[in-house]
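You will see chain A twice below: alongside chain B first, and alongside chain C after that.
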Partner chain A sequence: MTRPIGRRAAEAETDPRAVNGCAPDVFSRDGTVPMREFPESEEVDFVIVGAGCGGSVLAAKLAEAGMSVVLFDAGPFFRPLSDFASDEYEQEKLYWLDPRVSDGDDPIELGANNSGQAVGGSTVHFQMVSLRFRPEWFKSRTKLGYARDWPVDWQEMWKYYAEVENALKISGPIRYPWGPKRGRYPYRAHEVNEAGLVLARGAEALGVDWAPTPLCTVSAPRGKSPPCAYRGMCKIGCSVNAKQSMLITYVPRAIRAGAEVRDLAMVGRVETGQDGRATGVSYHRGGEWRHQKARNVVLAGYSIETPRLMLNSATSRHPQGLGNSNGMVGRNLMVHSNHAVWGEFEDEIRWYKGPPSMATCEHWNYVDDDPTKDFDGGYSFMSQGPLPGDFAGTLTGATGMFGDELLTAMGKYNRMAGLKIVGETMPAPDNRVTLADESDPLGLPRARVTYAFSDNDKRLQRHSLDFMSKMLGAAGGRNLLETSSTAHLMGGCAMGDDPETSVTDDMGRSWDIDNLWICDGSLMPTAGGVNPAMTILANAARIADRIVAARNG
Partner chain B sequence: MTGPFRTPYPGYDVLDKWDSPSYDDATREVLRARTTPPPRRFLSEARFAVLAALCDTVIPQPRARPVQIAPFLNAALHDDRGTGTRFAVMPPDRDAWPLGLDAIDAEAKAHHDGTGFADLARPERTLVLKEIDAERLRAPDAWQDMPAQKFFRALVLKQIAQFYYSQPAAMSEIGYGGPASPRGYVRLNAQGIDPWEAPYGQWKETDA
Partner chain C sequence: MTQGRISELLVRETGRPVGGKGMSLIVATAGLGFLAAGLAARRPSGGPHTPSATSPRKREALRLSRDGAAIMGSSVLLDSGMEHLRGDYRRDAMYAAPLAGAASMAASMAEPRTGSPGKLIEGVHVGAVATGMAGMGFHLGNVLRRPGGLSWDNLFYAAPLGAPGALIMSGLIGMATHRMARSSGQERRHGRQLAALSAGAMLAETAEVALLHYRGAYHDPAMYLPVTLPPMAAAGLLLEAARPRRRRRGPLRLLLRGVEALGYIGTAFHALGVARNSGGWRNWRQTTMAGPPMPAPISFAGLGKSGRAALDLLDIADDRLGEDSK
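What follows is the complex of A and B.
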């Protein structure tokens, strides 16, 4: 928030760059583009807090519809071509490193796992896996008998998946083996690397489908983006701009359409008036607290920061925090189980080449009647390609190995391959975000994150480890090692049809405060068994259209 | 027990690519800066000695110029860099590290008649750490309720290993491609390697 993490472009972490009518030109090494600015005293149509998957899409589409928009982000506004190094330690500057307090029976790891702090949000460091929900998951209670229904129809979401996939020129296969027919992906699939071919061989041996993973990095030139260079460093930021992150797609689009971006601007409080409605936000930027007036405030800070901000904005009229009269804010937080199996191979796989997850298997997302399926929900899994530091952390965390044992295990890095799930977890009200009794350097109470897996979650994990072990063995892997982890965040401020059990309606509008909105992954009522980025993006595009339609209607 | 590690990639050094398209200015700047370890600012001299011995035990480096790890972990504590997570069972990092280093030293003294961790030879240090990882504690009071294995794995091992394996010397010994920007890779499957990658490793029969 105040201290530079990185050595390169440390000033981007201390001094705002989107100032004086200019924003960084993300396709240049040091250039700028013109940016409209709004006076703080002017009541803008929309203040949006968070420039990740939810906020960036919403900002672009609302600005394109002629609305005045100011988009805030707590993190820096990077220029990837000159600011990003091929260095894991340096690139920790992309993560939300200020601690959250983590407790519960299965306390989760935050930071690099799931939380970005930069304009572009987690898409700056995501691994670009671009999958859609299975249609039935939008009505998992009604159709599959578990968890809860979304207040949204799958066919509507399907339309918006296509919209955002096209906007990001997702590279994917011509024929995708699972789910209803979808149109062709805008860009051709990438050549699958050896780590992905391991998954393919295993899938063929076990008689299940596999596919080249639809990825959010271009396989051919697009505008100023070159095709993917297969550096394999997607998790620490793409330094060539092949990755179609929010930072180089929807954010520039928002600026072109007249939105203002305020980087290094930590919103600490949503202000409300006598009537209880939102009037704007207080934010910390350039060493001082400031205030922006707005007709509407949209929270897009993801599943920890959005509920934290609502709870931190309590007033006498909203004593439990904003939008929280039913006590649902922060509840039903979900993660994805991220369990993995790793094995040694005869050949050098060299999994560091190419995006880390170039092949995927969604078999267990679409099978309902297999006799071995002893759990609700589903999981996908992908081939893996962790960077050395990341993999060393996985090994030591799982085994406690060190010394020559660790050096020897890491010495086999080039001969390793792995399979890792994105496993659906069940929403549970006691898995939640509350406020800790300690504060961050700005004096804002930190988030406390409480999490425990359900019995169903554990059965799913066990099933996946057994299945992936079988598959990795069939592909030639030996000395298999199982590890457990989590990834992604979903829920915390679920949308729904029932004001008693959800935080917002189907368009992200708070049940309590009609000009307070949410537009991020915290809206998700269920987690699904796929990476959430495309679903958050599609939902944001849908909400944007709904807001524009409501205004024009 | 595993014998001493020998790299399958002798002679391969990712730094040899310094002037090639595998390196960009940002990476060169970051790596150049890291050749000068930051000064000791947070931990006391005694605790820093324990940390240095810990790094040497977790990552033995029989090389002329070992990768400096301890000064960077110390600087991260000084800068309050953070990792994004504080497990509720743990004190904040800046309290956990001094407490944990003292506790490791107390464990060493309990095992070895008052000889501190930094003064033990590596095999003895290794055994002390294995006992800690197994939560078989001889100086339980020194931990003040901090879970020893959690401290050892989530903070000590993770931070030391992650830092080390982000450095060029570690990349070289495991045959990793190293910095790769703007040039990445062309040959993605096992049928071939790019000329700027490590040649195939020299694997012993027992490995294959």
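What follows is the complex of A and C.
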């Protein structure tokens, strides 16, 4: 972020690319598409901070409704065809790896599977698992007796799940075994790879349902996207453009509709006026601090950067940070337990082939009265396909093995399979984002993330490990290995019906500042036992419709 | 994974995990050999084995039908040759399909014969039907063996249940045509039989296309064409089989020409489909396997031809009736 704006260079990571009325054409190797630009002195209708699941959808829908929108992202604007390498370490450029302070009883590892720093956000490297919340989870306090309720009705969310699933042409099974009937997925499910069939065989042996995972990568051509080529590099960025990430779907849609995208633009502060309302943002781009005026500011930086920005934008009028008069900003941060069981198999599996999680089991998301279920919430689990570097890291992390021992263990890589959960954790006010004492190179205080699992979380983890061990054994796995980790982030700026216990209302509008909005995963009051992408997307689509309706009404 | 003996041998000899080139060479050589044999037998010199009873008009009509069967045979040769290559010819039995397809193509191209050459031709057709049936059994076994059993996913991605049907149809139409060529007259009966057979084959083919285009989510509206035009033609043919009416045949013939054209247009569309896969035609070694099967649509051209042959036979019967009543 040190070179001047406007210099065209191959280095997407150092030179802004969305400049001079052009944005990168993500379907080309070096082309551009025209893009509208707004003067910084012009008060645009919406500044959106973060071009991931929340910001991209909102930007596209608001721009399509005729509003002036500038979409900021701290990361580069990549062209997957020419910028992505089939190399795990090179592709770490997709993660948010700026240091943060992570503490608490169970400090979270931050980076690969809970952040993104690129236009398109973490959808550029997500594993494309596209599941819906169980309907009851939107009222988990009322209906299931734990955590808290969402201020949204499940049927409304169901409608928006369908909208975003169609916009991303999710490839899913014709019959989904769990939950209320859903419409047919727009594209057919992919052929389940051998790693997925291990889950399938295990599920059939234990008598529980399984399904091909609904995935956000197309199983047939779509526009300029070829169908998935099953290269298996999904987690480090799809270099064939089959993955329907925000980068190649909603972001181009937003640009076509007249939104401006500013890449490599790190928003450092939301500026507020005498009346306490937001007036715009200060951002760092091209080596200098700049300012963009706006009638509304939307924060879509996910569960750490959104609270960090609110806390860092404190003024004498908002001494605790913006929208934080009740002290709820940054609180109730949640992760997903990401515990796994791995096993060796007689036959070759070659689990790196195809998307990593092609089969799923949501059994424990939908069972309430099983006598062995000794926890609140639920978990899903999926078949696994870690790339070699990733898996070597897993082995080292879990067992400490190294050198020859690790080499021997990795020799079994092609004959291994694993099951990994996405396990719901309980919201707790002390799991939170605050500002650390140290600052980053731009002079912004770093985020401090404090996290601890609850007893319920630990019971869920133990239950899942036992169940997955049983299933992997039933499928023929031997020498089972258990590992623990976390994935995803949820909460931090929960929406709610009560201004005392939440940060925003049901449409993401700050209780304190009526032109400050949040639209990302930090709004989630509960985590659910499924990957959050579809829920964040659906919620963003819903918020966009609400904003448009409010303006027209 | 099961390894056939040929597969093992090739892997051992070539030192490559997949001896794909060697296998393709075997199939390609056999295919070309059969093509040459068929061409050589196409125009008989009026030798001792030529059935003499058939009228020239009937012979022409039946030749059209045989061309149809030969096209279907070639479709089986190329399609199964490719798809089984994709499966590395892991079982020796996988060679049977392209070879039977090639043999069926040659037998259909050959002008009908009497005596032992005729028996050979009919034997090839019976062999094609039997291979097709066995193939269907193998494919069903493959579907049922996978987790999920008879599920949508296995119907989409396991060995395709409908594909060996093309071999069965190629054999049946070839066989029927050969039999018909050996007797004179009976054009009305033969026309109705051929109409019914072609209609049945068209409906079966449509069912397979419907399944696989559904797999492709009908992402291009053109994908609806082969599931609408052929059933209409099949309905017309069935009507003709039940109650032949000359005035229907004009429009029906047009429709059948449409189905035939669909075979050629479909091939072009599938070529475009291949181009839409990652890497396009430059990456043909992967995309021709991963994309829509190029040799599949052409079988509609074969069915269009045999359908028209049935109408020709019915016309001949009607003309004869007209002459008789004069």
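The rule is simple: the second predicted complex is superposed on the first by the 543 of 553 C-alpha atoms of A that agree within 3 Å, B and C clash if a C-alpha of one lies under 4 Å from a C-alpha of the other, contacts with A are read in each partner's own complex, and residues count from 1 in each chain.
Keep in mind that, in the parts below, a contact is a pair of C-beta atoms (placed from the backbone, for glycine too) under 8 Å apart; a residue touches a chain by one contact, two chains touch by 3 or more.
Keep in mind the model is a prediction, meaning the values are calculated, not measured.
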Next item on the list: Check whether A:A200 is in contact with chain B, with chain C, with both or with neither, and answer first, second, both or neither.
Entry: second
Note to self: Quick check on the superposed pair: does A:G286 touch chain B, chain C, both, or neither? Answer first, second, both or neither.
What the structure shows: neither
Next item on the list: With the two complexes superposed on chain A, say which partner A:G66 touches: chain B (first), chain C (second), both, or neither.
Entry: neither
Next item on the list: Kindly classify A:A85 by the partners it touches after superposition: chain B alone (first), chain C alone (second), both, or neither?
Entry: first
Check: Quick one: chain B or chain C, who's touching more of chain A?
Finding: B
Notebook entry, point to check: After superposition on the shared chain, which partner residues are touched by A:T396: those of chain B (first), chain C (second), both, or neither?
Noted result: first
Check: A:P186 contacts which: chain B (first), chain C (second), both, neither?
Finding: second
Notebook entry, point to check: Thinking of the overlay built on chain A, is A:G31 touched by chain B (first), by chain C (second), by both, or by neither?
Noted result: neither
Next item on the list: Kindly classify A:A229 by the partners it touches after superposition: chain B alone (first), chain C alone (second), both, or neither?
Entry: both
Notebook entry, point to check: When the two structures are overlaid on chain A, which partner does A:S219 contact: first (chain B), second (chain C), both, or neither?
Noted result: second
Checklist line | Shared chain A surface residues [contacts with chain B and with chain C] | finding: 191-192, 197, 229, 240, 347-348
Note to self: Give the list of chain B residues in touch with chain A in this complex.
What the structure shows: 1-5, 7-8, 23-27, 29-31, 33-34, 57-60, 72, 79-89, 92-93, 122, 126, 129, 133, 149, 152-154, 157-158, 161-166, 170-171, 173-190, 193, 197-198, 200-201, 203, 207-208
Checklist line | Residue ranges of chain A in contact with chain C within the complex | finding: 169, 173-175, 186-189, 191-192, 197, 200-201, 203-204, 210, 212, 219-222, 226-227, 229, 240-242, 347-348
Check: Tell me, which parts of chain C touch chain A in their complex?
Finding: 1, 146-148, 152-153, 156-157, 214-217, 219-220, 273, 276-279, 286, 290
Check: Where on chain A is chain B touching in the complex?
Finding: 3, 5-9, 82-90, 92, 95-103, 107-113, 115, 191-194, 197, 228-233, 239-240, 346-350, 352-354, 387-393, 395-397, 400, 402-408, 410-415, 448
